[in-house]
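Heads up, there are several structures right after this.
Below, chain A partners chain B and then partners chain C, in two separate complexes.
Here is the complex of A and B:
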């Protein structure tokens, strides 16, 4: 039983950090461009498939394949921003619908390119650490470390550097930030591209853990948005905490309750948090 | 004047009996019922409800279950289905509007309720048969003077039933919109705070808009399930909701004719050109994006704009 609970908790934490990295992208994009990019899950899928292709077909080692995979997600993000999101800045409903349209396009494209057959490359790093009767697969620990590391680095970059101050200034008052010399167009494009790169990075690690299918993006963006709302839109650490909370709840919940309801926990969290504490666990009162 | 546009539709089966075209018309009418009712809450009241597909799909399940389990006639089974839709809309609407959820947050919470409903339907295997769905063998009946009670079967009978359903839906929306209720909806859409300052009870009118829209979607769903002869959980899915949103956006969100045009185009297009499933999904996405970025007022809105400019 202990092995089961610990194992499930670990799984929950890993999946939760994946939710968290999507949530981070959602939060950043929303704060700077005023839209919710529902297509982030698709960029995650692009990153995942690119990694799989580079490792399985081209034969690159996994750590090397990470770089072009993330770059391809970022490039797709840049294309999407210049062609679509540029025209929906600060228009939440239009941005939402445009990104939803993008989901159908990317997902249909992936289906046509790679078919619905799940792809698997879980052989990247095998083996497990044993800690007092509980076995922890190395790849999961590595993925968790990398994802959490990226989230903390983003947090540190925003808290400590000029770019971060510019971003906060822009989020508070775009006109004033513009007058102070913040290049607002560049910042908005940059944040969309960065969030797509984050999603691509999450996808690349996902590829080493689970099998890939074209519909994976839709599930992860829903969880990512739920995590962002739970943690509080605008809070970077909140997105990690929100993601892990949902991930662990799902994992522990499916030990005791039918697995079919695992998608319901996040929904219930979202309803409750939006009704009673709309700013989320870590958000500031707006 | 506009009412005369219905005449060609009423006359179509008399002059032309091609099964394919009439079937496309039936699907368009049924989906247009859902799209027209959606524009009441999304277009005219400005609330992006993601609960529409849930109302649509749930009602088709409930109606069928009352027909098959309680052996009620279709028209009487509509009663409990409608009652349940109203109750559910009031609960979800009250929660959302009491807590003053707006725009994105309203969409997310209604989406959450919609997904919870879908998960319930998907997993209540004894009643709903899970992912496999339900086969509907019963048909609605009507009493025709002279020939007694008839089952509604075949393309032409369904053509008129679905057309009647669409006329009813448009009629209800038209009556609502031309009354003071419609003006309150418009006030909420244009400026919620101002409307409240001027004494519009925004909670009540938002709830009313949400409930009427869901009720009409439920009617469409009940018809749809009995026409296709098949009910499955995907009727409640996000994608079903998005199809309806795409129809409204393509046709035009601020008219009652827009969603009908959108429903016809999006239902008919895949049949006119042979398309694989993937290309179809991709086309939906492209249409959704283009109609937002290039034609924000939809087909009907753009035509009205050109006529005004000319």
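Here is the complex of A and C:
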């Protein structure tokens, strides 16, 4: 049993980083633009399908395909920002409505383009590492490393670069940041685009792990928002910790309780934590 | 003005139609041609137009002194019960269609059944959905004809498959990982009862539709040290389950009564045994049966593309043979509109097409089928089984 628990804790950590990268996008967008972008799951889907298309149809190697796939998600994010989100800045309800509308549009487009039939991309990396009795697929370890790396790089960039400090300043006091020379419009657009690129990156790695369906984004944005709330909205490291916590809760919950309700286990955990710490695990940061 | 236009239209129509114009019989099809569970519906939607085209190109068919051609309306439900309900309503109420093929998905059937039952005696619904078994032959459900073998019972295909599995692998304990929906629950009910009867130990876990990461539940099932994994039922889930089972070293032996050979073939170097029920394993059958070879050639000619060998095994009798059977039944009944007579003629018929098809007393089909056994490296053996 110990081996089972250890194995699934590790698996939960790996799966949780995928929730974490979406949560990071949610928390960044909310911190800078004041909207909860529920359409981030759709940008993840765009990244995933673009990767599948570039690998299986164009014939690009996976590492090469990652770049245009992430770029396509970012470009779609830029278009969405310029056409929609820039009119809903700091308006939570309008932003929410626009992002929900965008989900319908993007999903319908994906259905028309690729149908609802799942796409199973060619395997990128096969085999598993065996540690004691625990078997960890190499592709999951690679995805974990890349996702965690990007999350830490984002954290480092925000903490140590001028842009990062400007973003923090803007999140705390937009007027003061503007007076200090921060170009607010550019900052907000940049954060929306970067969040979409992060989601696209998560989608590209998702394509290497699982089969794809147009509705895949819906589940992941829910997990991403859960993770962001659990970690504490505004906390970058909280996003990762929140995602990993939900991933581990689901994995361990599935061992001891019926698997059919695995999505509920993370949510129950979030509710319990929020009862004791309403601002989330790292809610006081920023 | 409106009256004048009406007369003009009628006159134009009279001139447009030749005197000996043929009548048409409208048939419909409601299947998931796309979507996570499209593996059954897609192939059915591929075969049906070929049969219609062949019948029409041969000049149609004669019932009484009239010659008829078929007019097919085939829609994609995407496996969405709401979409299927709308399409069926349109077919029955607007288009005047009285012969509908499909559905293959139980959740779709369960949703459309109350509405369809209002038209009992006025149309036929010929599909393979597992849940149709509970309704076929039941009072008020003459419209239901099930076009798929039943799993359970002394001669059920599931029974025969489990016997083969035990014989080939010596399996004593089976782990079941089944989708948590209408079709999955029926599947779990059928096979848990069957395993109990055969004194085979089993573990059952359900998963939500849309689940992608099965690692935790696979690890949990593997901890019970079963001999075989029995996943169900759509390829969308099975592809992820088989991959994660082999990558995580949880399972290398699989037993499928729903789902295709495709996920097994993609992981063929990591699998020890992969047993799968298929109505017809075309790669082997076309070498020995001229009718199958002709169907494959006809497919290539009609669609101008290669035959989809990976999808085709889940093609069922209602993808092709049933259209010819329906025509024969109309001829025998001497009517294209007397639904009761046509149904009687259909279910009392034994037809020798791509399959040998007959019906039990309720209106559930009995067809010969294949069990494919794939071993490591993709080595395939096929066992053709007579259902009765």
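In this section, the second predicted complex is superposed on the first by the 270 of 286 C-alpha atoms of A that agree within 3 Å, B and C clash if a C-alpha of one lies under 4 Å from a C-alpha of the other, contacts with A are read in each partner's own complex, and residues count from 1 in each chain.
What we mean here is this: a residue touches a chain if its C-beta (ideal position, glycine included) is under 8 Å from a C-beta of that chain, and two chains touch if they have at least 3 such contacts.
Since we're looking at a predicted model, the values are computed, not measured.
The superposition on chain A brings chain B alongside chain C with room for both.
Judged by the touch definition given at the top, the superposed model places A:102 against chain B, while chain C stays out of reach. In the superposition on chain A, contact of A:112 is made with chain B only, not with chain C.
With both structures placed on the common chain, the touch criterion links A:149 to neither chain B nor chain C. By the touch criterion stated above, A:213 is placed in contact with chain C alone, chain B being left untouched.
When the two complexes are overlaid on their common chain A, residue A:36 makes contact with chain B while staying clear of chain C. Using the contact criterion defined above for the overlaid structures, shared-chain residue A:94 touches chain B, although it does not reach chain C. When the two complexes are overlaid on their common chain A, residue A:61 makes contact with neither chain B nor chain C. Contact with chain C, but none with chain B, is seen for A:128 once the two complexes are overlaid on the shared chain. Shared-chain residue A:120: touches chain C; no touch with chain B. Superposing the two structures on chain A brings chain B to within 5 Å of chain C, judged by their nearest Cα atoms. Shared contact residues of chain A with chain B and chain C: 111, 258, 260, 263. The residues of chain B lying in touch with chain A in their complex are 48, 95, 99, 101, 103-105, 107-109, 112-113, 115-116, 119, 122-123, 238, 242, 245-246, 249, 278-279, 281-282, 284-289, 292-293, 296.
The part of chain C that touches chain A in the complex is made up of residues 34-36, 38, 42, 78-79, 180, 205-208, 210-213, 215-217, 219-220, 223, 235-236, 239-240, 243-244, 247-250, 266.
Only residues 1, 4, 7-8, 11-12, 15, 111, 115-118, 120, 123, 126-128, 130, 135, 137, 139, 209-211, 213, 215-216, 219, 250-252, 254-255, 258-260, 262-263 of chain A touch chain C when the two sit together in their complex.
Taken together, the chain A residues at the contact with chain B in this complex read 36, 84, 87-88, 92-94, 96-98, 100-105, 107-109, 111-112, 218, 222, 225, 229, 258, 260-261, 263-264, 267-268, 270-271, 274-275, 278.
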